[in-house]
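Structures follow.
Heads up, the next two complexes both have subunit A, just with different partners, subunit B and then subunit C.
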Partner chain A sequence: MRSKTIGSLCFDAGIYLFLTAMGLITLLPFANVLSKSVSEEWAITSGKVGIFPVGFQLDTMKFVVTSSQFLHSLLISVIVTLVGTLLSLLITAMTAYPLSKRELPGSGILIVMFIFTMMFSGGIIPNYLLIRQLGLINHLGSLILPALINVFNMLVIKSYFESLPESLEESAKLEGARNYTILFRIILPLSAPVLATIGLFYAVSFWNDYFNPMLYINSSNLKPLQLYLQDIVMNADSSSLNRSADDLMNVPAEGVRAATVIASTVPILLVYPFLQKYFIKGVLIGSVKG
Partner chain B sequence: MYALLLPGLAFLLLFKYTPMYGILIAFQDFNIFGGIGGSDWVGLAQFEKLIHSSDFMNVLINTLVISLYKIVILFPIPVLIALLLNEVKRMFFKRTIQTVIYLPHFLSWVIISGSFITILSPAGGLVNEIIRSFGGHPVSFLTDNQFFRSVIVFTAGWKETGWNAIVFIAAIAGIEQEQYEAAAIDGAGRIRQMISITLPGILPTVVLMFILRIGSLLEAGTEQILTMYNPLVYQTGDVIGTYVYRLGLGQQDYSFSTAVGLFNSVVGFVLVLSGNMLSRKFLNRSIW
Partner chain C sequence: MRKISKTAALAAVTMLLASSLAACSSNNGNNNAAGTANAPDNSGTPATAAAESKPDLKRLSIWQSEDYNTYPVAAMLQEKTGYKVSYDMLPQDKWGEKLNLIMSSGEPYDVVTTYNDMALYSDYAQKGALVDLTPLIDEYGPNIKKAISQESLDALKIDGKLYAIPVVVTYKVNSSILIRTDWLDKLGLKMPTTTDELTAVLKAFKEKDPGGNGDQNVSLTIRGDLPMLDNLVGAFGMPNTWNDVDGQLVPRLLDPAYKDYITYTADLYKQGLLDKEFVVNKDATAKEKFTSGKAGAIIVHWADIGGISDALTKNIPDAKFAFVSALKGPSGEAGFSGNAGFDRLTFVPKASKHPEDAVKWINATLEPETFKNLAIGEEGKTYTFENGAYLPILPAFNDERNLSNNYMSGTDEQNYPLYWQARARKNPVQFAAFDSLNNQLPDEYKIQNILGLAPYMPEYAKNNLQLESMAGDYTIKLIAGADTLDGLADFQAKYKAAGEEASAKEINDWYATVSK
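The block that comes next holds the complex of A and B.
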């Protein structure tokens, strides 16, 4: 044990103070928005709401979560996230497995071809024109297909596969198992930790995706949650931009905006505590790779 | 084996390499009905226009300024957090702080922008109420060119600082404990240990992360800025990514904005390659 001197105590106090301040800075904005979502309208507009709610009502929240567009967008986001994550994990693992075999002819070139796309891309416009050409504008496929493989995630899974003992596959091969069977029956069940981590990363990026829907979706039928939220956020912002009186009529109140933000955050907050142990492990896997 | 590769390969060719072929329209006067085959070639005309465009120069400067602010101000903080967290011996406190500061990373920019627009609002926002209570005048942070960049840098830090500390925390975990014991016997205090053991221990990781960060110098936060800005702050807030989006999809100037995008990709590519070369030379470690 290190001895406790006065200097050491001051040092500790400083550290705790600094870190607590960091934690509070992170939490305060949430507290403020949460308070606004349940405070009385007059208190919000007169600037009385700080960290704690002033008055209490759930009407705004009820208005937001029962709005048909909100529910519809939520459904779209859930579908895109579920389908996208499962499909991504499957294709990413199927690609990573052959590439983890150095002796496979051509695997070296393919890895370079994948890595090249991490550093160089066609850019927004050629991507947009491609999606258009494929007839994917206003199609949920445009939110899933272009994001199927994230090269960084693929490399993490690949390096995990490389760390598995070779002998497992050899014995399966002797008993006549095909590559397909080896991957799905032996390798994948052994890779649960890395698949959980990468699955989480995929799920978060599908759930939070705002850029692709903004480019490729304009039908309100297919708007995911983030795009719907952006409409609310930007609309409310017009009050500070001197728009016409007509626009101002449609502006959702500050409370509605706060409630929409909170309602869209809740799904992440619900799963966050359960997933925390996985992502720390995942970052370690990714960084140890070196 | 190759059968397993088919979907991945199809993805690579269709969604990654086909758009690279689409870059050709930067050398054309692209016409959406004619496609690449039926549009006129104009050589480097789009790039000449780009060099002479005052809009583009403004956007380039904005990108560099915002990106450099983010590096100078936001890069050291995660290192500091990792160093300090390492000194905390109460596991409960440590875990709580980690849980809290990682959280914003998992929220989308839309949610975060929505929150900060609420907090910074001149009409009843928390920050302006505080300014008012001290007798100041409310500030319209998101529509004022004087403040917009600060808001961008601050919110970017708020979202990613905790998450960026993880890699340094992992690096600290890899330092051998014996070193600390030896230092303690030699009479080194905790601050001394932090400066002489922990910091040098994570220095290679710090340098590597710094090089990676420089590699994305032209990425000043397109998605973040798109969710926060408005025409009033284009002057200070419009960056290459948002400019390409506005010009290409807003005004359908496909060829010119592809040329801007290509400029962005090429410079970014050169930066990453030089970073990797430096890393190989000085750290003996390649990024891939």
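The block that comes next holds the complex of A and C.
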């Protein structure tokens, strides 16, 4: 330790400074949106708001957070995320388990079929027609059902199952346990780390999904937060050429848009730091054992 | 034996058909009578007939920031028309694609309202996705007939059939050059009335530093995607995208005045009187420059004035501004593009389960009193009537009728423009701007966009957007000096080949029939 020269210390300090600065740069856009959300509208229009708010006020934020549309969308998002994640975990694990057994007849073909759907899909129109035929247009089921199994996640769980010692199951069988008991009482409790990771993957993807709702949801009281956000934030200028004065006068103010972005980002931002370690673990599981 | 079996087969088929028809009609009956359990028994009695004649309707509209179903207008319309309508809305982004998806999957909406997109509308109509409204309006639409002019209906006919009802644009002029009059006063200059005077004023703005920005003054700022500068294009005799040149409609790029226009604007740019950075300016960037007091003039829509005024006066309390009226060009021409045509179109898809009721409902919303209520609400509550003008009562008007234009399927074309001014009056500064461009401007300067009311023309509809963006990009290059007029003839040839020739033929064939 002592042997470090002044030169190398300076070098290290330089690197740390540089990296810290780079890290802070990534925060700039966020800081800009954050300060716009608490600044006065006139200051935003005249381009005075940079990293720090100008004319600090919380009215815009209050207006956004208390608007019934926002709260409604938040509720929809929470429901879809919770229900979707739980169902996804259950179904994914139940799919992965038999596929992890070599003795399952035709398991090779089944896995190829799953992987096939990873690479190719029918496209938007057939999917839309399918969802329509299922009667799920304008139904929350359309947000959950199509995303229920992510094949990659399923494969990660499957490889985790494969790594569990087979003797556990054999002894359970000797005790008279049947397949469901083995899965739910023995395998799943042992798989908590991988389930936490995959659960997080699912939760984030359900939370962030806006494409499915954009296609399948028409009614405004079933729109999840991301879709609500996209509608508000979509800048109207590019198309304002064709729009009438009424539309121009009703474009949401920049401050409102910024506040909506912040209000809908904060919930998931609060969750991230606490769950980040699982993310890293999850990636390792995938890479080492997959 | 053979004969018998044939008869038997026929009988069997007839029975099958009859039963399937019966199934169909009983299904329909159930649908219509939603809620009345014993509908089939006494379908003849007037009570159930009335209940049956008002099914719930489903309407699809464009995006708005509040839920259609809970906004006060929805309840008012339900009360006045007796129809319960449930509203869905398209997303703000890529609404056209979503609409295509919905239309092609046969989603049973009864009424669909979109922005005025002739290409989309004509496409649906020609593919047979829309209900022909002519017979329905004849039968159920007396108010529709009274409210909407024949001119408007004719412009929407496709192969002689009418598939949509329009919401008209209610004012003529959109934008002009907004100029800082306090800068003019400071320098002892008068409001410019010709293009030469404008050049002189902009030069003084740049050189004499009335804004106190040193050499940072921007004389005239514009957004980068609108190189056909309103008011200036009019001064060169081409206010609209297609203008009458010796009895023929010609697009700007082929207009003999195009060269003069480019020479003038490119010279402004060269002298540094037009924002040096205009090519990368977004709408917001240009407004930033004006509202922070750096720019002396900007080209904006009058509807943007509210926000601009708030921001500018916060930054520079004694700032004043006004729209420059129609400037005279070197050959004495002047004017603005005058809006003509439609803002929204409303149609009834083939997939609708109740096309007659859809038309009846539209008809009911156009009953004069109901329409007035729809447009501006109730007297004393959301508006007052003074000196022949409708004034909004704030904030009630904002809360209850701000979004009411989204609920219209058609408009009372006689009265709506007057009702509508209540909207422009929500902000006095904005109304002053609107007033100067519309009410006070002499009509000779509002040069109507002839194509606004043109019927559907397939070539034009197909090529229009692409031609516009081609001409726009080229014009930006010319103004910013990245290209010179030497290549104009070549580019014009390319432009013609890209669809202008076909469009022009179609347009002028039609124009010949109306300009007689």
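One rule holds in what follows: the second predicted complex is superposed on the first by the 258 of 290 C-alpha atoms of A that agree within 3 Å, B and C clash if a C-alpha of one lies under 4 Å from a C-alpha of the other, contacts with A are read in each partner's own complex, and residues count from 1 in each chain.
Here is the rule we use: a contact is a pair of C-beta atoms (placed from the backbone, for glycine too) under 8 Å apart; a residue touches a chain by one contact, two chains touch by 3 or more.
Everything numeric in this text was worked out from a predicted model, so none of it was measured.
If you put the two complexes together on subunit A, you find that subunit B and subunit C bump into each other.
Once chain A of one complex is fitted onto chain A of the other, the partner contacts of A:Glu41 are limited to subunit C, with no touch recorded for subunit B. By the document's definition of touching, of the two partners only subunit B reaches A:Met119; subunit C does not. After overlaying the two complexes on the shared chain, residue contacts for A:Ile268 are found with subunit B alone; subunit C is out of touch. Between subunit B and subunit C, B contacts the larger number of subunit A residues.
Look at A:Lys101: by the touch rule set out above, it reaches subunit B but stays clear of subunit C.
Using the contact criterion defined above for the overlaid structures, shared-chain residue A:Ala253 touches subunit C, although it does not reach subunit B.
Once the two complexes are laid over each other on the shared chain, residue contacts for A:Leu143 go to neither subunit B nor subunit C. In the superposition on chain A, A:Asn179 makes contact with subunit B only, not with subunit C.
In the overlay built on the shared chain, the residue A:Met61 is in contact with neither subunit B nor subunit C.
Of the two partner chains placed around the shared chain by superposition, subunit B and subunit C are both touched by A:Leu129. Note on the superposed arrangement: subunit C collides with the subunit B stretch 133-141, while the other options among 133-141, 151-159 or 277-285 stay free of clashes.
Touched by subunit B in one complex and by subunit C in the other are residues 44-48, 124-125, 128-129, 214-215, 227, 230, 232, 236-237, 240-241, 254 of subunit A.
In the complex of the two chains, the subunit B residues touching subunit A come out as 1-5, 7-9, 11-12, 14-23, 25, 32, 81, 84-85, 87-88, 93, 96-97, 99-104, 106-111, 113-119, 121-126, 128-129, 132, 140, 142-143, 158, 161-162, 166-167, 170-171, 184, 189-191, 205, 222-223, 226-227, 230, 232, 241, 244-245, 248-249, 254, 257-258, 261-262, 264-266, 268-269, 272-273, 285, 288. Put simply, subunit A touches subunit C in their complex at residues 40-48, 68-69, 124-125, 128-129, 132, 137-138, 214-215, 218-221, 227, 230-232, 234, 236-238, 240-246, 248-250, 252-254. Residue ranges on subunit A touching subunit B, taken from their complex, read 2, 5, 7-8, 11-12, 15-16, 18-20, 22-23, 25-27, 29-30, 32-33, 36, 44-50, 91-92, 94-95, 97-99, 101, 104, 110, 113-115, 117, 119-130, 145-146, 148-149, 154-155, 179-180, 183, 204, 207-211, 214-215, 226-227, 229-230, 232-233, 236-237, 239-241, 254, 257-258, 260-261, 264-265, 268, 272-273, 276, 279-280, 283-284, 287-288, 290. Taken in their complex, subunit C has these residues touching subunit A: 60, 63-70, 86-94, 98, 101-102, 104-105, 107, 115-116, 169, 171, 174, 225-226, 282-285, 287-289, 291-292, 301-304, 306-308, 310-312, 314-315, 343, 402-403, 405, 423-424, 426.
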